[in-house]
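Two complexes are shown next, each including subunit A; its partner changes from subunit B in the first to subunit C in the second.
After this line comes the complex of A and B, so read on.
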């Protein structure tokens, strides 16, 4: 099976007041049809930029795609015209964002906004589109869809707004849905509803999902495969079970060890052991040297790590570490 | 039986939010509705719930940072609610707060050494000449370097700023620290650093925490006792092992089911066992019966007619007519 979306050796740079900074340095990722790929990492690791690159939405200026290839469904869209990208966006590739309030237009009803997306890409009358809006709102679990279609975004709760965004995203049956931290702004019970909805939609329409998150719990529950990013690179990649059960990169291990696992030792009356810590913080992109970007925070790092950047090699699954699998 | 450090009884907070017409009756939003809790010395009590559940308002009212409209709170035997202003101010050195957002809770124009020193000056703690030494010591305790004292908040990362907030809270040697979502704004790797630090400081100084969080994983890690709140009321109150292994209130069970966990895998075909529909109802028109009845999978006639009160069920206290086994 050939990948639906494929990034090879993608390089994205930004002009900043520190000069030109490399936000993505040689990202290679494949998304297979119908699967969910998770991209996980801390703030600033480049996961959202990766998503924007897939949509051809890197802001220019200050951003530039300076190398590599973005391929969607066999077509090279790296340098595709805006016209071609506009055809793909919303129809074949759709995206939902973290804050549904800022991604909906406050002065139009949600029904109008969903209809707009439909009319833009499909040949149908306004009346037909309106009927489809009601159907979509029903699909995403909004009660009283006829009445809600006439609501303005501010009249809906955060969870409802995110459902509207999902309705809009699936309105043209896209092949790929990119979800950038779709539940970060929501309460846990609403997050669970949205995750359940995304899974149902995937089962129903066979859409591939790229889920961008910082939450390893969401990765476990939602994804088939995972790419772990750090300072603009993929540092480990594999099936979700490989990454969660046998992480090889010390950073991935740290990310998993530092979260309190709900349900583990739930009944124990003893205090839970301290969490694993990753010391320090992510280095600023303009101060990255030649070596491994994680070396400064890594207990296994030696002079070799600080001098030579480890390539992404297959050591069971792809990992970029000179000391992959070793224990500190 | 030890006496509680902080104990709230029938705590009420209402906000007036506009009225119907100029001469109309004010409309009240009852944010906290008769909350009882006891925080034991050296322990951590978690207040858990979704946004709008009243957890922050409860904690702030309990230390008189928000006005309460009813009930009493006793801190080491003193009723804080009736204390005259000056006596309350004197109590403040025992009661400190760490806020959620380390970006807005530090004065951007003050050097961080001065920020940490300020409570010492305001409360007149210790000899003025020795206060800078105390600040130096506090910096060491929270994992910052004394040479960073002359920097400004913007020169620090989020995690470091939260360390500064912690140093400031510790300055007056408080007995109680209210931690209002102290790690929610931080990256996971930094969260772990701060959580471990809070626990270490608790051991070292015998601190008690009133810990507000919506993240059950964090709560399970740091809290000894937990109160689950829903629309201004405590619906379940239990110690950690009891709550997490045997949730009694359907809402607690829903929260546990909703939170993502590494133990739930898509690869193993994980499907969530039922989830509540909809969102929190408006606190303006509370139903007559149980506030959770409209979303509860187990709700019956009685739930909609009669509000349940908190009562003992097994090792927990639960406000539900039909608690889970």
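After this line comes the complex of A and C, so read on.
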């Protein structure tokens, strides 16, 4: 089967005060039809830029796609016209955002906004669109859809708003749904409901999902395959089981070590800290050197790591580390 | 469940709780009613000489506000002069808002060289002394209500353009704009249907205040003798009678008060709108 969305060697650069910095340096990713791909990483590692690139929405200026190919259904969208991109957005590729509080327009009712999304891509009357809005709101589990369609965003809770965003995103039955940290701003019980909803929708419409998150728990729960990103690169990639059970990159291990486990704190106060952490922060992009970007924070790092950037090699599954699999 | 209230509906509710604003609105309705009545229903020739010149108010029955320097009835002039005064105020404000919003929206949304170009143009118009420039325009194109409105609009749009630009710069970075793009909305849809409705509150306030400023502007031009000579306006009444101010105050003071109360009412309404749209300012 050919991939639905395929990034190959994608480079994205931004003009900043520090000159031109590389936000994505050669990302390659495939999303298969109907699957869920997770993209994990800390803030600033390039997750959201990857998502925007998939929609052809890199803000320009200051951003530039300087190399590589973004293929959607066999079509290179880095070369597509604006008109073609507008057709694809919303109809074939849709996105839901991190902040349901701010991703809906405050001056229109949610029904209006969903109808707008439908009418942009489908030739139908406003009345038909309104009927579809009610159906969509029902699909995403909003009670009293007729009344809710007439509500303004500020009258809905965060979880409800995210459901509205999902309704808008699936209004034209897209093939690919990009979810950029869809539950970060929601509380835990609502998070679980939103994930349930996304799974239902995937089962119902067969949509492929790209789930961008920094929550390894969400990865374990939702994804088929995972790409771990660090400082604008994919550093490890594999099936969710491979990544969670046999992580090879010290950074991935660190991330998995950060998953809080109920009861661990009480049982292991002497040996382990209650919550693990990865020391340090992602280095600023303009200060990246030649070596491994994670070397500064890595317990296994040696001079070789600091001098030579490790390539993404298959060592059981693709990983970019000279010391893949070694225990610190 | 609670009834859905639109943001505009909410602002209106807030406006109604603001006593000075409601008083201003009531005053404005009275003045507009007076002017509409005078313009459409009241039949009398304002140019007719009814009694001796500079008759004081109340001096003679049937001429409640006295006569001007030619002996014309000031009450009739006031009724007939309100329409052109308000027409100039409204059309100049409309022109200001249309040019200002178009310039500001394009500059703020597209940024880059579009912004540079439009903002330099805005600055060019901003540094010109407004009254002088308007006078030049009016004398160049022969004074009429249209050229006067045009001249006032041309000198007043930079403020609205800057305000619009600032709002667009702020709003275009918000997530719902990216979200609109992600469902396939194009630039013009995003500018007019996504950003502009969210930028409107301060623009409505500024438009309301512009009406008042434009009325004052028209009065100023007429006072200087640059009004439309074929149309009676409140400003023109002041201008024509100013030479007799030392002998008779009323032909100047009465239209002056009419202008004052109109602009005052408009400002109260504008301030009320401002408070209604800016919940943060309300507590102060």
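Rule of thumb we're sticking to: the second predicted complex is superposed on the first by the 312 of 328 C-alpha atoms of A that agree within 3 Å, B and C clash if a C-alpha of one lies under 4 Å from a C-alpha of the other, contacts with A are read in each partner's own complex, and residues count from 1 in each chain.
The definition used in the following text is that a contact is a pair of C-beta atoms (placed from the backbone, for glycine too) under 8 Å apart; a residue touches a chain by one contact, two chains touch by 3 or more.
Given the structure is predicted, the values throughout are model-derived calculations rather than measurements.
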{"item": "Subunit C versus subunit B, contacts on subunit A by residue", "value": "B"}
{"item": "Which superposed partner A:208 touches (first subunit B, second subunit C, both, neither)", "value": "neither"}
{"item": "Which superposed partner A:305 touches (first subunit B, second subunit C, both, neither)", "value": "neither"}
{"item": "Touched partner set for A:142, first subunit B, second subunit C, both or neither", "value": "neither"}
{"item": "Partner chain in contact with A:160 - subunit B first, subunit C second, else both or neither", "value": "first"}
{"item": "Subunit B versus subunit C as contact partner of A:91, first or second or both or neither", "value": "second"}
{"item": "Which superposed partner A:187 touches (first subunit B, second subunit C, both, neither)", "value": "first"}
{"item": "Touching partner for A:7 - first (subunit B), second (subunit C), both, neither", "value": "neither"}
{"item": "Contacts of A:324 with subunit B and subunit C, given as first, second, both or neither", "value": "neither"}
{"item": "Residues of subunit B that touch subunit A when the two form their complex", "value": "50-51, 157, 159, 187-193, 195-196, 199, 214-218, 220-221, 241, 244-246, 254-267, 270, 272, 275-280"}
{"item": "Parts of subunit C lying in touch with subunit A, wherever the complex brings them together", "value": "1-2, 4-8, 111-112, 174-176, 178-186, 193-194, 197-198"}
{"item": "Residue ranges of subunit A touching subunit C (in the complex, touch as defined)", "value": "55, 57, 61, 82, 86-91, 94-95, 97-99, 102-109, 116-117, 120-121, 144, 147, 150-152, 155, 165, 168-169"}
{"item": "Residue ranges of subunit A touching subunit B (in the complex, touch as defined)", "value": "36, 42-43, 143, 157-160, 187-193, 195-196, 214-218, 220-224, 239-241, 244, 254-264, 266-269, 272, 274-279, 281"}
